[in-house]
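Look for chain A in each of the two complexes below; its partner is chain B in the first and chain C in the second.
Coming up: the complex of A and B.
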């Protein structure tokens, strides 16, 4: 007897679906239960439903940490966009012969983990790092510059790590750009500035949107970079969650903070989707 | 005038590429430095690699990274292939929902995934260790493997399957003798990607490993946050980096092989 195609599909997909249901989605349900105080310290379910941990959120210093994370992620996104746009333009539009090599040079950093790249930056910025040792050997400084453990170092680390995430989608959108449109704009008398603003920029909108979301979303929850390069004044949501769960063991408050972070991320992605669909309407 | 603008643009790109590569190159170069001071060049030496080799905790971390990655890759490859078939070959109600559910583990900030898994283990009373790390890695590695395998399956010419079936092969036989050999480079590339995300992972591992279990990234993080920069750590980071790059090159080769 032959099984129907439907049964086949069900049999093939079920192991993954069950696996993700247990080890990905169920854990998030447990975070929700903790955040509403429905699980006690003995890991037992209890008939309680409270918003106290969410109220605690708004009465604490945590909204400030959130604001700082959003600001840092925003600054990272803008910096990556401003620094990456000309690079992507150069690779996609101007370099004809070396395009493949340059593209590979953008991709290779993806193969190196954030931890290693952040450590590589530490070897340069550290008190005993390359810049400080070189400058003091040259006699230019008498005591080490404080290049690390401050918000500027975190921003540098963020841009350093996230830049390729911005360049790649920008490149993809510019690659598709029809160059005859630019020539048409030029022959109709538009200057380079005007044809950039009226032709190139609007047509690479999708790349700008995709790059921004790829940088902004993970940047908000970043942990390693502020932990290794930042000081106390660059403490971000990721560091807060780390401290609440692994140091303070405050699972209930930590859960409420995490739920708010997840809600925020879903909201941002939702807004982005709306931006995309509006772009499509405009294109039609 | 136009040429000058292009030259400035090319120069700018060159500078930005230097920004991306110089820190890593310097990290690698100074791992071969014969000096305890990180940034004063005293001549070529392998002493930091020798001291790494003599450190049993480094070996333990390396061993853990390898078996965790291999197990993650194996499971993700099998589940990823099965799911890729469903997503490419069948249409059914709720498919788009399943599709977005499969991308969720990639989109969501890793730290929230990590803490939710920790709470799951706390709530169910599962003791933390190597096994809990593998379980967590598989949960997001499936999605990465799936993307690669799916791309391979989309370009698959089904007429060879039809031929096998008309010659009397059943579905299972057709799969193992016709389909699998053709999509194998994609399946292996998916497995290697799963291995790589596991091998490089820090956050999820840190939350789910418990106190007694260490992988290479946990070891590197512990050294970097405790003592800051050191030539030993440069050497360890370089070794880890070389493994990552080798995996990526093999993956690139595989994805370029034509069926």
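Coming up: the complex of A and C.
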């Protein structure tokens, strides 16, 4: 029997579907069951359905932690966008010959483990780190600057780690940009600034959207960077969930917090995509 | 005074000289074509006028004023791009209005001018369309309207009809000519299509290898090519090598006999005689022609409107001839061919 192309495509995707069913949907379902109190401490299903763990959320310090995480993720995204956009523009539009080299330089940090790179940042920012030692040797400071264990250090670490995720999609959208559009804008009396605002920016919205999501989503749930570089006031929602699951063993509240985080992120991304695609629609 | 003038302009890209000491002058309201094969430097020349490329040497004057260092957005030059470069994220209206908005024109005036230019290019009522909803020919018209609406002193067109089908292309050629007449603006038109250049232009500059080979009216370019390249690139021709002895007598090497030619400005010496296939007359009633030869027909190809004939004269010379299908001819048959001296041109090698 001959199969239609559609069935063949379905067959090709089936290993992925099985994989996701086992390692994504099943754990997610378990988290969901925990959040409604449907599993007991012996990991058995119990005939309970409660919102108490969700109510607990509002009567705790958790909303503050959420706000802090969202703010940090937002700051990271904006900083990555401001740093990444000119970089991507330079690689895609300005430099023809060194394109490959520059792209490679953007990707090289990935060759070293994320954890190692964050530890490396610690040795630079530490009280006895490279910067403090150098400055005090030069006699510019008498006591070490506190560069680490504060929100600024967390932001620095986040931007450093997530910047490539912003540059690559931005680069991809700029690469597609027809350079003669900029010449056309110029010939119609638009100076460099207005060409950028009226042509380049609207036509790279898809890259801005993709890059922002790739940075924002992992940044909201980030827990290693605040753990290593942050102080007590850098306690993020990722750290909270980690603590609830592995330290406090409160799987029910931890699951509820996780679900709320996921819902919130989906909501934010949904709104953002809607905003981005408003201009994008015209560009396709 | 010229509207656009290039004086001894050169442009090099590394080892390659794309534009080599080019001097052209385009008069106001002229339809001026730059014609040449791909890679001849015609597009680079256009981009220098637009300000997208900086020339290495020479002077560019726009409206009589030196403009070498004026940025593109201050040049008041409209451009119709080869690949159109319409803004995909804007409607037809917004594309055309772009230049007016950049000039901070009031909204009423902008609307009026856009409507007028839509009418000019025959796209009334399509202002609200998106660019991807248009056909190739319609996009072309939007590109033209967008360049025209600012009423720039000069419009540059970079092979704008290249991507269109033959029929639409021929139609657009006439349209362009009409639009140019109607708005009365200087057009500089770059093309590799000799037919396009001949039908539309007031003046044609033929370029090859970065140099201008000849500048003249379409008729001059076709009838009196100054170089072998021009004679060969524009239309078909026969080259007869020989020596121009004195004015009016050309001794052809392959014929071994003198040929009468127009006694014009030409210098004496080695050269070639160029005679167009359609200017050679074939048949029996050839009395009164300046040059007459006995020939044998080697090949006949029927094209409907005409017949392509290869006729051998003497031992060495084969002439391409474009004959009327009504003339009775057969392969191997003997016939006579000839032409008037005014129909041939001698290109002496010193001239190239």
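One rule holds in what follows: the second predicted complex is superposed on the first by the 248 of 284 C-alpha atoms of A that agree within 3 Å, B and C clash if a C-alpha of one lies under 4 Å from a C-alpha of the other, contacts with A are read in each partner's own complex, and residues count from 1 in each chain.
FYI, contacts are C-beta pairs under 8 Å (C-beta built on N, C-alpha and C of every residue); 3 or more make two chains touch, one makes a residue touch a chain.
The shown structure was predicted, so the numbers you read here are calculated from the model rather than taken from an experiment.
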Field: When chain B and chain C are modelled together on chain A, clash or fit
entry: fit
Message: Between chain B and chain C, whom does A:251 touch in the aligned arrangement: first, second, both, or neither?
response: first
Message: Just checking: does A:273 make contact with chain B only, chain C only, both, or neither of them? Give me first, second, both or neither.
response: neither
- request: For A:185, decide between first (touching chain B), second (touching chain C), both and neither.
  value: second
Message: Quick check on the superposed pair: does A:202 touch chain B, chain C, both, or neither? Answer first, second, both or neither.
response: second
Message: Tell me the contact category for A:91 with respect to chain B and chain C: first, second, both or neither.
response: first
Which partner reaches more residues of chain A (counting touched residues only), chain B or chain C: B
- line: With chain A at the vertex, the Cα centres of chain B and chain C span an angle in degrees (to nearest 10) of 90
Query: Of all C-alpha distances between chain B and chain C after superposition, which is the least, in Å?
result: 9
- prompt: Along chain A, where are the residues that touch chain C in the complex?
  reply: 178, 180-181, 183-191, 194-195, 198-199, 202-203, 279, 282-284
- prompt: How about chain B: which of its residues touch chain A in the complex?
  reply: 5-6, 9-10, 12-13, 16-17, 19-21, 23-24, 26-27, 30, 37-40, 79-80, 82-83, 85-86, 89-90, 92, 98, 101-102, 104-105, 107-113, 115-120, 122-123, 125, 135-136, 138-140, 142, 171, 196, 200, 202-203, 206-207, 217, 220-221, 224-225, 228-229, 233-234, 237, 240-241, 244-245, 247-248
Message: Touching residues of chain A toward chain B in the complex: what are they?
response: 5-6, 8-9, 12-13, 15-17, 19-20, 23-28, 30-31, 34, 39, 43, 83, 86-87, 89-91, 94-95, 102, 105, 108-109, 111-117, 119-124, 126-130, 132-134, 137, 160, 163-164, 192, 217-218, 220-221, 223-224, 227-228, 238, 241-242, 245-246, 251, 254-255, 258, 261-262, 265, 269
- line: Contacts from chain C onto chain A in the complex sit at residues 50-52, 71-79, 81, 83, 85-91, 98-99, 102-103, 130, 132, 146-147, 150
